[in-house]
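Have a look at these structures, which come just after this line.
Below are two complexes that have chain A in common, paired first with chain B and then with chain C.
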Partner chain A sequence: MPELDPAAPVEPPLIPTTTLEPVDLVAAVEGPEPEAERAVRRGRLGIGGTAALFWLFLVVALALLAPVLPIDDPNTSIASIAKQGPGTEGHILGGDGLGRDVLSRVIWGSRATLLLAVSAVLLGLILGGALGLIAGYFRGRADTGLTGLFDVLLSFPQLILAVTLVTVFAGGGVSSTRRMIVLILALGVVSIPVLGRITRASTLSWCQREFVTASRAIGARNRSIIIGEVLPNVLPAMFSIALLGIAVVIVAEGGLSLLGVGIQLPTPSWGNMIAEGRSDLRDAPHIVMVPTVAIFLTVLALNYLGDIVRARFDVRESAL
Partner chain B sequence: MRLLRNGRKHVAHAEAAIHPPTGRILLEVDDLATHFNTPRGTVKAVDGVSFTLDRGRTLGLVGESGCGKSVLSRSIMGLLPSRNVTRKGMISFDGNRLDQMGPAEMRSFWGTQLGMVFQDPMTSLNPVMRIGKQITESLDFHFDMDRSEAQETALALLKSVNIPEPARRLRQYPHELSGGMRQRVVIAVALACGPKLLFADEPTTALDVTVQAQILDLLRQQQRDREMAMVLVSHDLGVVAGHTDEIAVMYAGQIVEKAPTRSLFAKMRMPYTAALLQSIPRLENPSHTRLNVIAGRPPDLIDPPSGCRFAPRCPYAQDRCREEQPPLIESDDPGHVYRCWYPVGTEAGREALERNLAADVPQAQLAVAGDASVVTGDD
Partner chain C sequence: MILRRLAHLVIVLFFVTLFVATLTAMLPGDPVDAIAGFASPEQKEALRQDLKLDDPVYVQYGRWVGNFVTGDLGNYYSVTGGRPVADRVKDALPVSLQLMLEAQILALVIAIPLGVFTAYRAGSRFDKGANATAFALLAIPNFAIALVLAYYVGVRFGWLPVSGYVKPSDDLVEHLRRMAMPAIALAVGQIAVYMRLLRSDMIATLQEDYILMAKSKGISPSHVLWRHALRPSSLTLLTVAGLNVGVLIGGAVIVEVIFSLPGIGTLLYEAIQARQYIALQSLVAIIAVGYVLINFLVDVLYAVLDPRIRHARA
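On to the complex of A and B.
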């Protein structure tokens, strides 16, 4: 055992005096993360996000500008271009079975499809969101009742529920406006439980935060706490699910059209273009392919953006 | 203008419902019990607490985590959830029976009469609302102030809690401020409507040690300036020592010792208080001195021990302690009460400890190993 010498130089302290460089432990263990994945995880747009945003912007802009665009009338038949493929003179995407311009129909079709999808999800967002906020904030009986309602709505086969609603309230031979309104209501009702549950879950977790109690402690009313304190925090979760919801409704419209209860002809929609084009699938596949690709890209873009929004705001609930 | 007058009238009406101030006593709590009904059984978080608080005075509530101090303050404020909570006993605030009021009636007290500063400034401010809005909100609820008036009041409040560049802060979000700044904002929010009683629920626990003293001094100064009464909740005897007139020590849902601050530190009687004090690390100790801990954990509040609730952990505990719960006993000092059969610093206590040491009771040995002077009670 060494003697302790009071004159011996003092050992330097074990604490390092230089600041340590922060080490990315995840990167050290798993290797660098692919740039794209990292972008999504951090909620940055990245190349995919930018492309998705660009596509959606393009679709929405074309839909809004359809009446002023230099395109043919979507319902005028030109016999010479019937079933002609893409690249036909003056009709870059060709003509459909009745000789209508496919480009024009897909642009006009996006109006009906997007109107339906956005309105239905907005309806679900407002009703489901309100019910979810009430259930999550008040809990107790309100919660039990509303969660029960969501469960009942969810346990219905949704497509069949929508088909039934449309058949009963807007069966064959109604105006396309009426069909549209009923479709919006039907698909809106179907999306209520999904959006309601997400909102409820997010509300529950935010209501645990002290600032809700703090707000009560300064004399805020329930209504102003729900609208002023909870809702702004819950909105990102609702928004990211709503994006995915729009994608689901676009696909659902295609399904309903195939069953003959989609958006009423002659108003074009992506769904009824596919439904109509089925018979010519062998000779003129482009009639089906063009709206299919439009649906595919739009749904992909919405899902991708939904993921980015979710990562950005760290919503833990899984989608749909 | 007409709107403003109506607003004033509305406020006057709201305040007419609140009894006018009477007497010296601001808050009187008698035999308050707050129980939570859980699937495992009834958790008796607060179990028979009585105390009074005079106007403009500060009471410290001290105890370990889970001893019921936060629940007590929230129970008095009426901020606990309504489901699965039973509250019994009397709460009188300025002559108003708070225990008989529902949330709708309490709303006229919250903010203007009773205020609360929360533990964690990271979670007690809304992350998506500007500081200014969070402060003016309560002014908006209670006084029908117009916007510029509310803004000016908010600015004055931020100045009074010593926030630099207050005008800029009003437009900032909570994440742009440091922890200490945020707690100052929380204090400003709580003070906005000039409450007569402020509950500060561990206001410094989530803060840096260097900031703690500043926040405590700020609370003290505001409390004096506004002649406001304050209940300061803390697990740290050191925190409450310099900032309170009176201290109540809580253990397992009960007050186990209550005394004017000076008297408590001079002549503490309850072994639990002594153990709490002993567990504060001392500056004069050499580094790497083993910290003194209180052996064991607070009891299960569903089924608390039948005798003295501290008995299983107490270095002084005798058979009597395990069988019979001591009442609050008055000591020689005025206002000093404690709950112990063998109090620290008395002959009975000394003998009890010696008996336990002789019998090799681990709690007693641990306590003596820590600091004999505290345990044997050098008066």
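On to the complex of A and C.
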């Protein structure tokens, strides 16, 4: 053992300390991959993720601030801008078939669309999550029953189930509020089995870990194990699927509107703007294209972030 | 395996039909008012007798299933009297099936070569471009694709007619011309899903020893890809193609409405608009039962094609 001499120059360690950080083997073999792709694979934000977050932040901020923004009233018609394309003076995105400002409608429309999407997914997340936790934790008969319930709910094409529920419970001539509540309930019900299944699968795998057994061994109650030990670990999986779920509901709102059972006018929504603008597609395609682009960018951003969260927490798609 | 699947099928079919059969009972208020709000009190009483809405639920359920199985899908109600729903379904069903089949074929024909090639050249610029494009395509709702196509291809350039339907037996070329845009609108999202799926399965297969063996024997790369690697890689694709029928059905309903194709989706739209609840009930039943049966067939087919599953999960 050499004596330590404080004056001796510190020799560089044989292995540079930097290699103690994980080596990117893929990069070593295949050469550097584009930054965006590497970010997704490792669950980091990267340029794409930052752009996605920025877009969502913008959309949510505009939706929340709509009442104080210096924009026209979404339901006031100005005859002179009817069907005028983007770039019309004072109306950046032009006017719709009835001469209402498209920019204002797309911002106000985001409120209804986002309210619906977030509420419905939250409902599905709470109910589906609770059922999935129960099925995965207790297994046995509860699991058989709940898995059966998910199977039955999934045996309807989702959009058709939603259309049916909305038509039966808020078919026509109902108030905007009632339609909105029924839409939230219907799309919430539709998302229960999807979120329930992923929660169940994730719960099953976490319940086999030592710390859960340890909690059981020291006599913790089932409820406190589920809430204290299992739930925090299952949340990332639920969250990543919930992001995709919000995207799916935004698209579904468009589909429902085209079938005449979406968010009800006069409340503007992205979906009913598209449905209404369809009759002017020939002369004024921008009425349809503006909300369509808004949906596309928002769904793209949500999918991208969902993928990042999934990669980060290693949520396997096979568990779906 | 098949027996267990059959039992599962029966249970699911029971709950699905039970839900659909009790839809009219779930209508808020008096169902007769909802079904035929325009009718006089006497007509309503007659309708109530006719639909036997006062019977217990299980009797109504049994009768509904009996009617459905024998092809009695109820009536459209209007001031001028009832018209059977089945008459229109008979003409509409082939249209929807053709649309979905053509979209599915189109999607597979484009996705399979893309999936094989991107797996073969994984990491190449083409692979990355194709993957990024697929990711973007997944974010475009099919109604958006339909509307963009309708505007550019249909209106702006006038290459294809934007609406209407021609039977393939009447004029095949005209049929394909009319179905092209609806089928493309439906297929785009599926192409992205199938391509990504096949690519990842193919990459795994190409790591197998027998592929190395085939290559070392000097068999040409394309022969190895198409003859040796594709078949074992396509099982997941097959399952997903089957499961995706649900997405396809939902999409087809909307695409039919956009392109005015006289299919089940358009009937559904009309039933919603006119609040024809009996027709809605029958149409939803046809869609849901069809979907359940297709999933069952895919499951069975999957087991037949892959002996490992036939034995492992028995």
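The rule is short, and it goes like this: the second predicted complex is superposed on the first by the 291 of 320 C-alpha atoms of A that agree within 3 Å, B and C clash if a C-alpha of one lies under 4 Å from a C-alpha of the other, contacts with A are read in each partner's own complex, and residues count from 1 in each chain.
Quick note on the criterion: a residue touches a chain if its C-beta (ideal position, glycine included) is under 8 Å from a C-beta of that chain, and two chains touch if they have at least 3 such contacts.
Everything quoted here is computed from the prediction, not taken from an experiment.
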Partner chain(s) touched by A:A217 [first = chain B, second = chain C, both, neither]: first
Touched partner set for A:F156, first chain B, second chain C, both or neither: second
Chain touching more of chain A, residue-wise (chain B, chain C): C
First (chain B), second (chain C), both or neither touched by A:P266: neither
Chain B/chain C common contact set on chain A: none
Of all residues in chain B, those that touch chain A in their complex: 77, 79, 83, 107-112, 114-116, 118-120, 123-129, 137-138, 141-142, 186, 189-190, 192-193
Chain A to chain C touching residues, read off their complex: 30, 33-34, 37, 148, 151-152, 155-160, 163-164, 167-169, 171-172, 247, 251, 254-255, 258-261, 274, 278, 281-282, 285, 288-289, 292, 295-296, 299-300, 303-304
Interfacial residue positions of chain C with respect to chain A in the complex: 8, 11-12, 15-16, 23, 26-28, 34, 123, 128, 135-136, 138-141, 143-144, 147-148, 150-151, 155, 245-247, 249-251, 253-254, 257-258, 268-269, 272-273, 275, 277, 280, 284, 287-288, 291-292, 295
Residues of chain A defined as touching chain B within the complex: 139-140, 209-211, 213-221, 224, 228-229, 232-233
